[in-house]
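My questions will all concern the structure given below.
In order of appearance the chains are A, B, C and D, and numbering begins at 1 in each one.
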Amino acid sequence: MKLFEYKAKELMRRYGIPVPEGFVVSSPGQIDHIPGPVMVKAQVLIGGRGKAGGIKPADSVEEARKAASAILGMDIRGYTTKEVLVEERVAVDKEVYLGVTVDRSSKSVLIMASAAGGMDIESVPEDEVLVAHLDPLIGYQPYIGRRVAKAVGLAGPQAAQMESLCQRLCELVTKEDAELAEINPLVVTEDGEVIAGDAKVTIDSDALFRHKEYQELKEDLTPLEEKAKKLDIAFVQLGGNIGVIANGAGLTMATLDSLNVFDGKAGVFLDLGGTDDPEKVKQAMLLMEEADPKVILVNIFGGITKCDTVAAGLLEAMGEKSMEVPIIARIKGVNEEQARDMLKNAGVIPASGLNEAAELAAKESLR
Amino acid sequence: MTVIVDEITKLVVQGITGYQGTYHSKAMMDFGTDVVAGVTPGKGGHEVHGVPVFDTVEEAVERTGANASCVFVPAPFTKGAVLEAIDAGVATVVAVTEHVPVHDAIYFVAVAKAKGVVLIGPNCPGLASPGLAKIGILPNKIFRRGDVGVVSRSGTLTYEIVNAMTEAGLGQSTCVGIGGDRVPGMGFVDALKLFQEDDGTKRIVLVGEIGGTAEEEAAEFIAESITKPVVAYVAGRTAPPGKRMGHAGAIIARGRGTAASKIKALEAAGVRVAPLPTDVPGLVRA
Amino acid sequence: MKLFEYKAKELMRRYGIPVPEGFVVSSPGQIDHIPGPVMVKAQVLIGGRGKAGGIKPADSVEEARKAASAILGMDIRGYTTKEVLVEERVAVDKEVYLGVTVDRSSKSVLIMASAAGGMDIESVPEDEVLVAHLDPLIGYQPYIGRRVAKAVGLAGPQAAQMESLCQRLCELVTKEDAELAEINPLVVTEDGEVIAGDAKVTIDSDALFRHKEYQELKEDLTPLEEKAKKLDIAFVQLGGNIGVIANGAGLTMATLDSLNVFDGKAGVFLDLGGTDDPEKVKQAMLLMEEADPKVILVNIFGGITKCDTVAAGLLEAMGEKSMEVPIIARIKGVNEEQARDMLKNAGVIPASGLNEAAELAAKESLR
Amino acid sequence: MTVIVDEITKLVVQGITGYQGTYHSKAMMDFGTDVVAGVTPGKGGHEVHGVPVFDTVEEAVERTGANASCVFVPAPFTKGAVLEAIDAGVATVVAVTEHVPVHDAIYFVAVAKAKGVVLIGPNCPGLASPGLAKIGILPNKIFRRGDVGVVSRSGTLTYEIVNAMTEAGLGQSTCVGIGGDRVPGMGFVDALKLFQEDDGTKRIVLVGEIGGTAEEEAAEFIAESITKPVVAYVAGRTAPPGKRMGHAGAIIARGRGTAASKIKALEAAGVRVAPLPTDVPGLVRA
């Protein structure tokens, strides 16, 4: 889960990483002092807020309130700004980039650093980015920090600060189970201090069981996404009008691909995952119904998720709420015979193959 | 031999007394796997389907000669379970458990590699060699003995494709579900290497997904080292970019990781890429 | 360096390992309360204090003072008791053994555990001792604790306590740079609590640079040993009358072996180690002189320690204090010619080979 | 080849700008070692004896092709230095530094092993192949090219014995000082294995000490696998038990670790054990 900038900075401060002084408010009236000249920054979980007008300077409480008024409620690339961070303005001498992330390809934690700070790291030419892998059996060692400091062009006391910061950021990533911790820009101030200008941290949601504190954090989710999250269901809203329920991300995506061939457009991607519980299937169906698709396509290949479990959940959902929307079900695999029997007279349109199901759903959606 | 799982595999099931462990131990035995032991701390002395349960993997290995393990313990305990299996000296570990913290996976994947242990997973369906044995949770009924090696990042999508192949009369030598986790033990390249060396495998099917660069790396390896014909399917052509579709990653870095980039790389390596899963059997046969 | 029992227990308590309540005193008058029935235990860095009468029970302040009086000042196998630990007496149901140590042979940390607690682990039959290695790349993991609990015959809540204790003891060993941490006996009380009856901890002296707190601890050293320690010199007092100074433990031992052939008996083993500093050599000579041997044998094979450095130190020592004792010097290796020239007229008896030097020293000592 | 150090070794010296680093870099060059780089953080761009200094080992390896490292940095930084060398991909690391915390050594010795890196030390004099090269601090003058392989846990005692051999006209193929630390990288067995395989080595001298069980384990290995004649000396016959003589350990466990036990084990393996260091050349010649 992504943390808001102010949460990420709180976390970094806990690990001894210098961050500007500041506080977060949800209404302009809450600003009753400022620690000198400040920036007022929209707290949204999406990049590009600067260009969208979500960051404004202020030199007085008055100006800060004005800036907050302008920014609060602002829509930034689809996200509504509910809070702003009022933060000490630092005198920038130099901006560099520092990011620590989990790298699939090398199966390790990876540090990225560049002298080109303040811009999207993907747009920085590759040869200007230092990429240093942390060997999992070796972990962070001081020589890594020295390489990073050198790569971003720091020397002397700034290099020493960078090395320490680098170590602490790696420690944060490991101990907090972060998938990403990024400081961009990492600012070298006119006074020679190295301090986090911005902060992005994403916590591995699979590790929340050992980090109770994040479980209570709100995420920036739609009501339906919120429900899906509670049900541990992967739920993504898309542009089309077909609600796709399948088990397994790969199979769900393959179902989307198949729909596409018949000009069907998915409106919801709902991956049930592996479940033995008819209740979960029922809740997933009800959730799907709330998303209001024109047709629902159920595509199950039973393994851990047995076909009769799915059929039972489906029937329960239809019993609880009379569904107007046509349901096309293609259910295959473990206990498929039972499932077929159970659904025989339930008003579900059966399909035997994936292509047939996709074609039926697409036709229905274009009707 | 048929890629890892063969007649001499003696399997210990970690977490055998849990619901999944018990259910799938039976399914594995039905498939032909020699399940020699189970492990559940505190349940030593019990039996599950006639299989003796021990408190530790070390004991299970000492007493039964187990040389492979299948891990069904809950995610918070998976790291300890995998390390226990490695420390006890088994040669192969299949970790079925999903939702394992990625930093745990990074660590035990590295340890397995350092110790020369073949690790598949976490969050994987495991592998099956029809007619011989399987380790994991793949459905028994979909397989048929044959000469196609299947490797896949997906679970149910693999079953879909294997089932379609079996229905089309195309049997499998071994099917490996390496799982869709961010940091898996065995990767495409490791599996491809084994298939290339395996006399029982004549053709290869690779099932990929969007996200990461595993398919691109596989394509590179295929171009260099694989002489057997390869057919692929990549799920997610129509997934919108930037959205994270379940475990399939949204981290699409520098243009790599999209379905287009994967398909292009695979085709450039001489792989025939099926537009839909249902097209796979036809391409394999062609 | 070895820690006294009460220090070791303080440390264990810090790591969450249960230890009996208690306090340490250096005079009986300091005892003004007791936490119920107690044991009064001599604090010496040697085993066998129980048999020597260094542990006594007491049920009142009066009795505790009496016990302390009897024990304080007691000589236990060559060590004078300067402090006693007054400690809550636990009701013993069962005594087991738990030790964590550095194992040379496996190059790893090793856990030893046995149901036979309370006796020297070396006297327990090998098949009654569980030996579990911690793979350095894996470290402590819960299954290790489960194996230990099972090996000592604990189950249920005691097993859980043992597992937790085992983890904490391993953590202590790693984080505190201990070479050994031993709990013998580890007591299971009649109430079912698992608690450390005794505690031995040895800290790796090479790691003291990162553990300032131990640098200030007193060790139970003779005044000469104290001086040697400050000089970073290996200094061991033995039974004979020849003072042996050499560089390197192996060479020093080989010198002892050579002396033995000629019936010479070493009184002091002094390993200079590697040094470039004539001052250190001088201080070593003065220290040796204080130990009052009948003859001093200097055997140097120059490498890091250059021969002329040794000669210079030797001359400085002889200049500062007129040495009555005959000095036989065999100096070989880097810059040996300079050394020979420097010592030509200094009253040092030169020897060219190790055997010749040993024979000369032995003869001199038997004179 | 002559056991690790040979003509193609390109050495980087970590801690080259320190007193020991500078002094011994020169001595190694005089001996014939190809010292291609030095490393001292913050001193990149300097030169020592004409050798370029870099800030990191990675840079040194990239720019000079160094494939071995000699570590002279102070004990608190040795762990980082050894791991840096391993991570930078060198094949051989000699860690001269003494007083390295034993838990640091346990860790980096295990990492070196996992990565297939030959690590000698810590707290060791290193190794020398007369006429070719040396890595470490052994004195240059005592050596003479020949066919005796020497392996020793001691420093100066090795020099004593090598010097006696050279004076007696017995040259050395390679002399390895594995150091007397509690947890060393290379052990007797590793060195013996190399000598057995090395065509340039016809005879072997092993120098042991009391403490630990390395000599006993070496004896076992010699009995099983070494066909070349072995002569040994074990220091500490007359050391009183229970006293810790410098780094030589007092941990004499279950009767193992005494001079008597070591000598008995070696003799049982067919090794001729010299009563005194000065007796070694005679036994080697016999």
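In the analysis below, a contact is a pair of C-beta atoms (placed from the backbone, for glycine too) under 8 Å apart; a residue touches a chain by one contact, two chains touch by 3 or more.
Model, not experiment: these values are computed from the prediction.
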{"item": "Lowest number of touching-chain links that must be crossed from subunit B to subunit C", "value": "1"}
{"item": "Result of counting contacting C-beta pairs for A-D and A-B, higher pair", "value": "A-B"}
{"item": "Taking each chain's C-alpha mean as its centre, the one farthest from subunit B", "value": "C"}
{"item": "Centre distance in Å when subunit B and subunit D are each reduced to the mean of their C-alpha atoms", "value": "45"}
{"item": "Between subunit B and subunit A, distance of the C-alpha-averaged centres to the nearest whole Å", "value": "27"}
{"item": "Inter-centroid spacing, subunit C versus subunit A (mean Cα positions, whole Å)", "value": "56"}
{"item": "Whole-Å separation of chain centres (CA-atom averages), subunit A against subunit D", "value": "53"}
{"item": "Of all residues in subunit D, the ones touching two or more other chains", "value": "111, 114-115"}
{"item": "Numbers and ranges of subunit C residues touching at least 2 other chains", "value": "135, 137"}
{"item": "Subunit D contact footprint on subunit A (complex, rising order)", "value": "135, 137-138, 141-143, 146-147, 150"}
{"item": "Touch list for subunit B against partner subunit A, complex", "value": "19-20, 75-76, 98-104, 106-107, 109-111, 114, 125, 137-139, 141-142, 152-160, 163, 180, 182-183, 207, 209-210, 212-214, 217, 233, 235-240, 243-249, 251, 253-254, 275-278"}
{"item": "Residues on subunit B engaged by subunit C in the complex (per definition of touch)", "value": "41, 44, 55-58, 77, 79-81, 83-84, 86-87, 111, 114-115"}
{"item": "Complex interface listing, subunit A residues touching subunit B", "value": "102, 104-105, 107-109, 122, 126, 135-137, 173-174, 177, 179, 204, 206-207, 209-210, 234, 236, 238-239, 246-254, 256-261, 266, 269, 271, 273-274, 276, 300-305, 332-334, 353-355"}
